[in-house]
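Here come two complexes built around chain A, the first alongside chain B, the second alongside chain C.
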Partner chain A sequence: MNVLKVSKWTIAAFVLPALLLYACLVFVPIIVSLYSGLLDWNGIGTSKFVGLGNFTKLFFSDPVFWPSVRRTLVLALLSMGIQIPFALFVAILINRYIKRPNFLVSSYFLPVILSVVIIGQLWKTIYNPSAMGGMLNQILEGLQLQGWTRAWLTDPKVATYALYFVALWQYLGYHVLIQFTGIRNIPSEIYEAAKLDGAEGFKADYHITFPMIIPIFKISVVLAFIGSLQSFDLVMVMTAGGPAHATDVISTHMYHMSFLSLKYGYGSAIAAFLVVFCLLATLVINLMFNRIEKRYS
Partner chain B sequence: MRKWRKIAGPVLATVLAVSLAACGGGGKNGSNGTDTASNSSSNSNPASGDTGSASASESGKENITITFQNIYPDPTDPKYQMLRKIVGQYESDHPNIKIELDSLNTDQQKLKLKTQAASKEVPDITVVNPSAQMKPFVDAGLFAPLNEMVEKNGLKGTFQEGILDYYTFDGNLYALPDGNNIAIVYYNKQLFEKAGVKVPTTFEEMVEVVKQLKAKKIQPMAIGEKDTWTGSFLFMNVLLRTNGGPGFLKDVLGGKKTFEDPAFTEAVDAFQNLVQAGAFQEGATSFDYNAGENLFKTGKAAMYFMGSWATGGIETSSVNGNIGVFKFPTVSGKGNPDEFMLAPGSAFAVSKDSKHLQETLDFLNYYMLNYPKEAFAVKGAVGVAQKVDGDFKAAGYSDMAMEVLNLFKGVKGGDLAFDNTMNPGTAQIHLSSIQNLFVTKVPAADVAKEHQKAFEDNKE
Partner chain C sequence: MNRSVSTAVKPAAEACALWSAFKKGAVVLMLSVLFVTQLYPLLWLLTYSLKTNEEILSGRFFALPEAPQWINFTQAIEAGQYFRYLLNSLFVTTVTMLGVILLSSLAAFAVARFRWKYGQVVMLLFLVGLMIPMQATLLPLMIMFKNIDILNTHLSLIFPYIAFQTPLSVFILSGFMRTIPHEVEESAIMDGAGAFRMFRSIALPISIPPVVTVCILTFINIWNEYIMAATFISSDRLKTLPFGVNSFVSQYSVNYGAIGAFLVLGALPVIVIYFFLAERITKGMVTGAVKG
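Here is the complex of A and B:
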């Protein structure tokens, strides 16, 4: 195994810096925030140890917490259930029908490289009431669909969905790119062989493309899931969790608690929940994909 | 040779590891780079003082750096230049003192100070907000009392009467404000004329005016309710009236009243009347402060309820010359229009652990003494917390500014904003509860209950 012909100590010594850096920047803060989650602390003055008090309050008597968890999860599920399959579909179509796909793929990718703040402001103007020049409502009025117009970002019933849409739209290109690359890497001989056996078009996709890109698909799913759980910036820019917590997600709730309500300990408890939740979710997704991969290999 | 290599490898790697780890540790604790940077620069002071001590035997003074955190990062803001002018003057008078400016916008500064406070690394001079908002910092013992400093050079006498009370805790003054504002209603005379309406003298008339403007397809009022304090500020003014005078929140804090008091529910009902009449622009809760104000400044809305600090911005906008102001009217005959929502401004506090406490205090004393004069010169003297000498009219202040200054003269007390009176936990629930009124109609009793519960949950 010792291909490098150096002692284990040398290897350890060279790994050490990165490991220490990683530990300091990732594990230590996580542990510190787990500990702060047990404190009644405003972040400035003296703290009081309250054990699991913050967590019981969080789970049993916080009216904002569970709805924000639900909204976060719905976003994650939408992202995995609609955005990624759709991205795969687009990637397959591009791969099959477009001769020089680079321009198209780059165009899909464009929103990803734009700052979230710009995206947020852009869509805020699109969602505006028509009196303020909101494009969406003006189009609806132009189509004689006055009944469909809404105050998209301020009607508590639709505001979350308006946000979901932007989040899904922005990262669609990201997943298109990932999966497009995955499809490109499938050797064309396989398709040619399949063609001889009578499998073409979507039939070939079902039997060849899909099984072959499962590892890539998995990356997409994990990224989408974690990304959705951590969504923060877009919500802050567009609604800041308002009106009256109607669009709060876990991370914005955490921000409000830690920095605006000055309940740093309580905010840390939410952060701890988020970390554990992310880890568990990644674990579950990995297990799921291992099973799927086994079935196809 | 081979052996040498065998040893050198791990040794080198360890050196690398240690140096990198040191970086990692620093980054973790400081959590914002400038923080550690400013810290290390102040740490290096004694060092530079030492190297300077050779030459210091001539001048007899050590070199000193004072970190001055402030909220004027915008070069187009007249106060940006003014701040640098005073600082520059002081530096040239005291060659051994360097003032390092840490200019941030308001929200950034609030966050940064909280992070710094958590690690007890408060800059020499920082910015805080009055009363309940600065109390956690004072309780944590982060600030130096300014009682003696404010007596020097007659600085105390330059402040308006009573203003320093908002920054005083247990007889100790902890911060010096740069502003003192009141809440007023700005209105666009042209749009009022177009709709044929007059300045309302009661709240009921105001609701009527809203309806008439609405009928003429004019947006009655503008508000940036995404920021939540804006709506609360207006609501609190309604409460100031329905309570028949100031002190409602103090009575709640003192246990004399609850949020279920009729004064509170009446205020909620009145406020909802205004909202339901269609006073505010559609989608108000997604407009931030600037976007809301811009509606008024571009002549797209007829009225704007805001603190008098908005005067300067409106003066430099396209509607300048068309704007008048009026006092917030009585609500169902209650209250006195001469009582205002008061907004004692952000204030400068000095870190107790400052390495050069005396020099910092001296500088702040100088800064505050010169502030009114310089602010007057850049036309920023409307709403300064100190007495300003000078003829505003002759200095070219606009008619609107003169109107605002006249209102100041008639102030007979009032209330502070909700988040300056209640603790942050209660305040946040209040803010989102009021924001909710912009999108849903809620029975006043429910709003009252929500407030009372928040208040009891967050009691210390």
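Here is the complex of A and C:
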């Protein structure tokens, strides 16, 4: 199918600029951090090779590590279990009942394209104590629910959930948009044929919409996973992992170890774990969906 | 007899119509509530940014400001170097965009149209890159940039930004370039056009739609990027907008109105662009998600 036969110099001229930049700034750093994960090194001075020492410490005696992994996973699961199904439900309803859906879908999407700094600081202001003008606590006081007011971001019991909520809130519109586009692309003849067979409304959704948008659903799931890793920025902006590590996720833990405690070797070990974790998760998600797709085709 | 049938049917039909009207009403209500939860926080921020500290602390969060406090905005602009951050962001994003388009369209053309052994291998390398979390490269990149002495310059942002946008861009562009019919190329070869001319005067002009998509994705990602900027940049005069906004807000912790104003100003460029290009942006983001 590729027709152009050209000299290898031409090929190099086309491919190498992008490939070299990419290799130097993405691949080499990853390999470097896999290696420096084996060192005891503070960035200055000499480093000592400690083998898997950093990893044993990480897995067996770091009290912050496993909870931070758990938080990253819980966010991904909440996103897959609540946010995406809800987005699908909303997308189905918009598609069925709203005549001019574009305005609505674009409005839901607006928070997605704003920087996490804006979103994070905005919600920080909303979560503020009411003596500092926080909207949420002011609403609760207005409803005579003083008992429900909280220091949302500094109370370790609720801070994580306050953060989860913002992350789910910001990207809800993205999932609605994706599912909505997926539903729009299902040919309407299929629904008409189903109507003749007596399937309408949610029955038609069960037999047609769900199987037809599985590929789109997979995209949403992958995005949910990536999104839960990207919640890193949001956590950094809103709580920086505090109070007392109560909201740490994998990446914030890595960031603190590398840039604040200056344990470069240990930070690299966490980074290496993060890369492997990501590759494995992508693999698992793909395998899972291959199986589901096979069952439905 | 006919009459009795019709009277029996009528209430049922009415009930049915009533039920579907009720259902429609419930759906509209739910979607409106969602509309409010997704947009009200932003609107609230706008009113917040125009209030005095007393008004903000009074607890009447719903009320509009008595008199709009534009002074919050002038304070934010003067104390916070808004325009400098804006200019920095504009510069970094523009250069990144140009770099991404140039490098990834060249690579995509080679992957899609040349007959060579390693095309698929190169593509696979880029695909792996889609799965690598950016955060994992922060520390090694910082050390590398320190060694080649570009830490705390805009180059230390532009290089990794281009590199991280390349995989998806190559993927989108090569997917499109594969669909260019061969006849176009054959006639160009007849005319004696070389690979570069074919790229410049045929492939690139045809590929404007995916290039626009790449531009949109790059813009949204890079304009909003915070953590690399916060890690690699330390001088105030080099900060990009998200980083600048964040440092301003963290420093100015008691002047609530000015904080709100700076957040509004920070969100403004993207909101204005989205207002005019909403459909293109949503389409581009879907394409980006589907390809990724």
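Rule of thumb we're sticking to: the second predicted complex is superposed on the first by the 271 of 297 C-alpha atoms of A that agree within 3 Å, B and C clash if a C-alpha of one lies under 4 Å from a C-alpha of the other, contacts with A are read in each partner's own complex, and residues count from 1 in each chain.
In this text, a residue touches a chain if its C-beta (ideal position, glycine included) is under 8 Å from a C-beta of that chain, and two chains touch if they have at least 3 such contacts.
Quantities reported herein were computed from a predicted structural model and do not represent experimental measurements.
Shared-chain residue A:P29: touches chain B and chain C both.
Within the superposed three-chain model, A:D233 lies in touch with chain C and out of touch with chain B [touch as defined at top]. Once the two complexes are laid over each other on the shared chain, residue contacts for A:N42 go to chain B alone; chain C is not touched. Residue contacts after overlaying the shared chain place A:V6 against chain B and chain C alike. Of the two partner chains placed by superposition, A:V284 touches none, neither chain B nor chain C.
Of the two partner chains placed around the shared chain by superposition, chain C is the only one that A:S251 touches, whereas chain B remains out of contact.
Of the two partner chains, chain C is the only one that A:Q138 touches; chain B does not reach it.
Judged by the touch definition given at the top, the superposed model places A:I98 against chain C, while chain B stays out of reach. Taking chain B and chain C in turn and counting the residues of chain A each one touches, the greater count comes from C.
Once the two complexes are overlaid on the shared chain, A:I126 sits against chain C while remaining clear of chain B.
Residues 6, 10, 13-14, 17, 21, 24-25, 28-29, 43, 131-132, 259, 264 of chain A lie in contact with chain B in one complex and with chain C in the other.
Against chain A, the residues of chain C that register as touching in their complex are 24, 27-28, 30-31, 34-35, 37-39, 41-42, 44-45, 48, 56-57, 59, 61, 102-104, 106-107, 109-116, 119, 122, 125-126, 129, 131-133, 135-141, 143-144, 159-160, 162-164, 166-167, 170, 178, 182, 185-186, 195-196, 198-199, 220, 223-227, 230-231, 241-243, 245-246, 249, 256, 259-260, 263, 266-267, 270-271, 274, 278-279, 281-282, 285-286, 289-290, 292. The residues of chain A lying in touch with chain B in their complex are 6-7, 9-10, 13-14, 16-17, 20-21, 24-25, 28-29, 42-46, 124, 127-129, 131-132, 134, 151-156, 238-240, 242-246, 256, 259-264.
The touching residues of chain A, when paired with chain C in their complex, are 1-6, 8, 10-11, 13-15, 17-19, 21-30, 32-33, 36, 43, 90, 93-94, 96-98, 102, 104-118, 121-123, 125-126, 130-133, 135, 138-139, 141-142, 169, 172-174, 177-178, 181, 216, 219, 222-223, 229, 232-233, 236-237, 251, 254-255, 258-259, 264, 267-268, 271-272, 274-275, 278-279, 282. Touching chain A in their complex are the following residues of chain B: 6, 9-10, 13-14, 16-17, 20-21, 23-25, 27-28, 110-111, 114, 117-118, 136-137, 139-140, 142, 219, 225-228, 281-286, 423-425, 427-428, 432-433, 435-436, 438-440.
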